[in-house]
Amino acid sequence: MTDRAPIPRDPSNDYTPEMAERRAAFLRERTGVTLDHVRRCSFDPSVLPGNIENFVGVAQVPIGLAGPLRIDGEHAHGDFYVPLATTEGTLVASYSRGMRVLTECGGVRATVVKRSMQRSPVFMFGSALEARDFGEWVGENFEGIKAAAECTTRVGRLVEIEQYAVANLLYLRFDYTTGDAAGQNMSGKATFAACEWIRESHPDHPKYMLSGNIDTDKKHSAINTLRTRGRRVVAEAVIRSDVLERIMRVDTRTLFRARQISNTGALLAGAASNGPHAANGITAMFIATGQDVANVSESHAGITYAQLLDNGDYYWSVTLTSLIVASYGGGTGLPTQRECLELMGCYGQGKADRLAEIVAAVVLAGDVSLGSAVLAGDWVTSHERLGRNRP
Amino acid sequence: MTDRAPIPRDPSNDYTPEMAERRAAFLRERTGVTLDHVRRCSFDPSVLPGNIENFVGVAQVPIGLAGPLRIDGEHAHGDFYVPLATTEGTLVASYSRGMRVLTECGGVRATVVKRSMQRSPVFMFGSALEARDFGEWVGENFEGIKAAAECTTRVGRLVEIEQYAVANLLYLRFDYTTGDAAGQNMSGKATFAACEWIRESHPDHPKYMLSGNIDTDKKHSAINTLRTRGRRVVAEAVIRSDVLERIMRVDTRTLFRARQISNTGALLAGAASNGPHAANGITAMFIATGQDVANVSESHAGITYAQLLDNGDYYWSVTLTSLIVASYGGGTGLPTQRECLELMGCYGQGKADRLAEIVAAVVLAGDVSLGSAVLAGDWVTSHERLGRNRP
Amino acid sequence: MTDRAPIPRDPSNDYTPEMAERRAAFLRERTGVTLDHVRRCSFDPSVLPGNIENFVGVAQVPIGLAGPLRIDGEHAHGDFYVPLATTEGTLVASYSRGMRVLTECGGVRATVVKRSMQRSPVFMFGSALEARDFGEWVGENFEGIKAAAECTTRVGRLVEIEQYAVANLLYLRFDYTTGDAAGQNMSGKATFAACEWIRESHPDHPKYMLSGNIDTDKKHSAINTLRTRGRRVVAEAVIRSDVLERIMRVDTRTLFRARQISNTGALLAGAASNGPHAANGITAMFIATGQDVANVSESHAGITYAQLLDNGDYYWSVTLTSLIVASYGGGTGLPTQRECLELMGCYGQGKADRLAEIVAAVVLAGDVSLGSAVLAGDWVTSHERLGRNRP
Amino acid sequence: MTDRAPIPRDPSNDYTPEMAERRAAFLRERTGVTLDHVRRCSFDPSVLPGNIENFVGVAQVPIGLAGPLRIDGEHAHGDFYVPLATTEGTLVASYSRGMRVLTECGGVRATVVKRSMQRSPVFMFGSALEARDFGEWVGENFEGIKAAAECTTRVGRLVEIEQYAVANLLYLRFDYTTGDAAGQNMSGKATFAACEWIRESHPDHPKYMLSGNIDTDKKHSAINTLRTRGRRVVAEAVIRSDVLERIMRVDTRTLFRARQISNTGALLAGAASNGPHAANGITAMFIATGQDVANVSESHAGITYAQLLDNGDYYWSVTLTSLIVASYGGGTGLPTQRECLELMGCYGQGKADRLAEIVAAVVLAGDVSLGSAVLAGDWVTSHERLGRNRP
């Protein structure tokens, strides 16, 4: 044992202003720091079970409003005002500028092209041959496995079980649709039930681990880029050369030339994305709307694909391959987060696709803006002018 | 032109409660949504220039307290209580449990092993030969380039210019130390000045773009993992087998076996990290402490390396290769953010290394916890019990 | 036009000793070099149509004999003597030593766990939505596509069409089994027929390119490692600690420790393989047996997975994820190549799996040898003693 | 022990026709296979020590002649006829066609832009802090290390020691220039001497392994693509649109459009190269000229970068990042191999750069040919017509 000073907790009901205050006092005593601002939240801690433990207050992250952004998606249609929670100066201004370009060009088409959330157990055998035979068994027993998995969830659906054989192991990748939830937990529970069913049903009762690390939860991976994690969403627009020159002071030919060099740089660097800065918009929207912000690690990956059209206009697209969003569950129901979702008509059931389309459209707007600004030579200067809270 | 309804702004002074309210009213009118909670922030908007534009309110992200975590670093020394801003249930509890294990085992050694922030211009030539000759010129004129770069900054220091030749292009990667700032803007400005100096000084006045996309700002990349972006930090500990079994109900032999399988899975999947979930702790600390949260895209990358020792204890380390933190500038000075930094003695100049060490130690704690919990079989169940705000 | 001096050809019959001699004379005249040895081949050029154009002679690559290697596979069973064509001193000796270790330990289990050869067309659309809808159409019309593809081949079977959506493009990856041929051409022809069928059958008659570069023919890729290209083969063995110490002078504990470091190095470096030198054995066998040696680029990728067993023995496996071999067609029927295949009972129909198993087993032998020699400290010295044809 | 039937060897002199025949007889007896063609080599085995062990004969790989290819390099200048050793039908014809295009367009510029061969030891410490301090020591003692390394070699020069810190390990990457040898052994010996010097000179006498697997010998890796392995060579040409249309029946606009899609495919697939088929030309030249063909695994990696010029012409370049070639040592002095090198004026000292330039130029020719043929729609048919030795 060691002389740890544990954080005060009340096992009977820890989600009270009193307990938050008790912890703040404990910190004050230990560190001399008073949590004046952290302590001032606008809601009662009783809404927080399932979202936090050892609650002590809130981080207040400034929200700026960007927009309007015209979107022409299957689920999002119209002009949107987007709440961006960030502390990075110029970010909201930059995204707004890109939104203006896109809106003046007629807006962004946004399309969810695939839905797939994973849990990836690994089964262990005495030999590669047994592992391979087990793989065949899994294929033949897909319906049974699916039934076992789906017992645990109302909305989750097991769509596919990918198989990856290595040594005497068989890595499986269970792919689910999970409705409007991000779905990691849903997928975890369902896969656990499925694995237990497998263990019981298969004559050899094979051993497994619930994750063999190819899910790949909370980290970027090549497998995500290829096979999708969460939603695969495309945002695309035709940028008119006159609009771009007027607003961004850059011509589409220069843009396309720069794209070649950026693509080459991304290939050279082994980058998760060949675009400018998808992570910025995604993160700011994730914080504002109560997403699991750690999923920025996966969600920022993507592929920018552009074409210079014969008339000088510019087809610009971004494909987010691993965008994880929810309109329901997790942090989406918390007070400020829900308000931000509601601003975009994205709170509650049946709204996750809409949110995904908006996020992708916002990413495109930010890329149009920064991708152009760099070439117009005002990139450093705009940071200078607006971003003074920096050394 | 198009019928956009632009967001109200006051060019003379936009950072007032009135303008925030005017924008909220604009939203109410357009969307029918009232920003009750978003509007209630504990501070005056006049502190916000340089952090946000079109300010409308705040996202309130719950902060839970984890700890104590005993750290034995060069800059962080003692027992730390860590504010984690998240909406993901069980996260704080899980990190706390890992901190308990580590603290009872004597704590975490944490070491910043490299500092390097980048801006990566690309220079364009008529042929590969000219590009190569230019590369030699850059090597010979390093001191001049360095002087030009450092003119723009008090703290930034140009340490190295990496060269990557492709076709008739030369990609450069300017590596800086940037003191206690994250340093992306500092590096951008300095590199811009350096490139202008190069353009003027080199007889051919070569053309360049300020970024050739190998920086690789706001995205994970192989080059970051290899060459570092921000800080390269190692957290390491020897986990005693008895402590692990008592608290986490798993033995070190099982842990080590699972590590082999996780390493193999990460290699197979082409993952940015072979560890459990660094992104979770990093993100929660980044939100709490006013970091640029979009840098989770880069910062979550890392390498877990473990050894089963002869006595059954377990050497567990995590190396974060691209951790971007600041103790100064950006969002660090905002009210709640600064309080959270002060809790850990990490606000202001001379504290960024300390913060980096703490972040790495927290990541290790989270990995010990989740990495063990999965094997103890209570992973799904702990999410079930605590994480009810999920579908 | 330019003053090119074209190589002499006889359009009516170019595969004669006379034409080979005429080209040699042409070279002699142009370069002053006489092809004494190149010209001396043991067979008549009339066997060469379909293998070479502008034939002028042969490269004589020395073949050394390694073995015996005991293999216990599904298709290869017994003790094998393996012809290795190489000019790298110590290679045959090293592989032989590893074979001795494996054979004394009871031999290698080898298993083909997947077969999959690709051609990957890309279809182009006006929008991501059209591309997605097309993807659904492809799924619904799999049987028609399959029938069209299989019309072109007796042995090829279309097993799956993978779909990867990016922008307004849909990349498809047609996966075939191709019997005993490597199958790239077979897959190309079949996919061309399938694409033509698609173009005619789909109401929009979509445009396509026959390869969108995700096949990924003649290059290593993450997608190959994940999804297989050619054959996925596992070779595995339990190395007895006493045998390893006696022959290789290294203990299994040291070996396992080194494996951790090699795994970490491979992850850090973004390597196509975490093993020692699969490419050496594969290349030497490919040259000897008339394989398409350029496929070393794909075939050398793989995953080494090892376990230190409780009794101190060592489970060592290598999984080749993209091994492309043929026992029929291509260069397999040429005189020396066929003899080498026959040595291992691998010539002709029904033998490709057997060859794949042997290749994997040979790779394991080479890895056991080099992986141990490095640790025994005699690696540099053995190169010194045997490898004197080097600077 | 086990009942192995060892291969006959004569420890006193194994490089005789008699011993080759004895092994052939042994095989005949064991397998029933007679090595008629393998046994017929045009030279005496006494030249083979240092290239092979257990010599039994030769693989005869057909050589076709491609060319002329006009090259305008620093070391290669003029029209070259290139010997390609392959069994793949259409390959020589295809490369020849590309060479014709390039030559009619004025030829290929080829430039060696970097030389760097590696051995990458790893040093092991008790903590990350010790590893970091050791790294500083290495930096400070570079001259001593360099002297120790260079003691072992006449031509090798230690240029740089890269450092990569992970956990309590420090991976080093010793970068050498190695003159006209491929240099793996030279680098191995020199690094071994350097490591021994370090172990003795450093106060802690740290332990090391000679390779931590980031060299990355005989495998593709991201680190090779970034940092170079062997030679980094660029081949570039401006393709005239009229020549391309006349010979290849494709226009440059189509070519450039296809390049976008191929780049995107390569990024998606995580490919080692975004070009068509560098491995084909490299492999065929490597076999013909006595290179270490296993290095195709590293050498095939590269980056294709193209620009559509305003006048419709097409700048096409390929950058081989890890091309490993030798004009001296290894297999270069064997009879047929030497003749092939001499054909191109590439045998002996001072010729490796020339060979590297030619290889890169040949790769470009092959890419021009296949990259165009695919689009002209005659790809499948040309394989059909010429490549009949296939199922």
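Read from first to last, the chains carry the letters A, B, C and D; within each, the first residue is number 1.
Criterion: a contact is a pair of C-beta atoms (placed from the backbone, for glycine too) under 8 Å apart; a residue touches a chain by one contact, two chains touch by 3 or more.
As the structure is a computational prediction, the values presented were derived from the model and not from experiment.
S.K.: Going by the touch criterion stated earlier, list every chain that contacts chain A and also contacts chain B.
M.R.: C, D
S.K.: Steps needed, at minimum, to get from chain C to chain D via touching chains?
M.R.: The fewest steps needed to get from chain C to chain D is 1.
S.K.: Between A-C and A-D, flag the pair that has more C-beta pairs in contact.
M.R.: A-C
S.K.: Call it same or different for chain B and chain D: same when shared residue numbers make up over half of all numbers used at their interface.
M.R.: Same-residue interface.
S.K.: Express in whole angstrom the distance between the two chain centres, defined as the mean CA positions of chain A and chain D.
M.R.: Each chain's C-alpha centroid was found; their separation is 41 Å.
S.K.: Of all residues in chain D, which are in touch with two or more distinct other chains?
M.R.: 164, 166-167, 169, 222-223, 226, 263-264, 266, 268-270, 274, 303, 305 - these are the residues of chain D that touch more than one other chain.
S.K.: Which category does the touching pattern between chains fall into here: line, ring, star, complete, or other?
M.R.: complete
S.K.: Which residues of chain C touch chain A once you look at their complex with the stated criterion?
M.R.: 74, 109, 111, 113-114, 127-129, 131-132, 135, 164-169, 222-223, 226, 232, 234, 236, 270, 303, 305, 315, 317, 319
S.K.: Contact residues on chain A for chain D in the complex?
M.R.: Against chain D, the touching part of chain A is residues 222, 225-226, 257, 260, 263-264, 266-270, 274, 303, 305-307.
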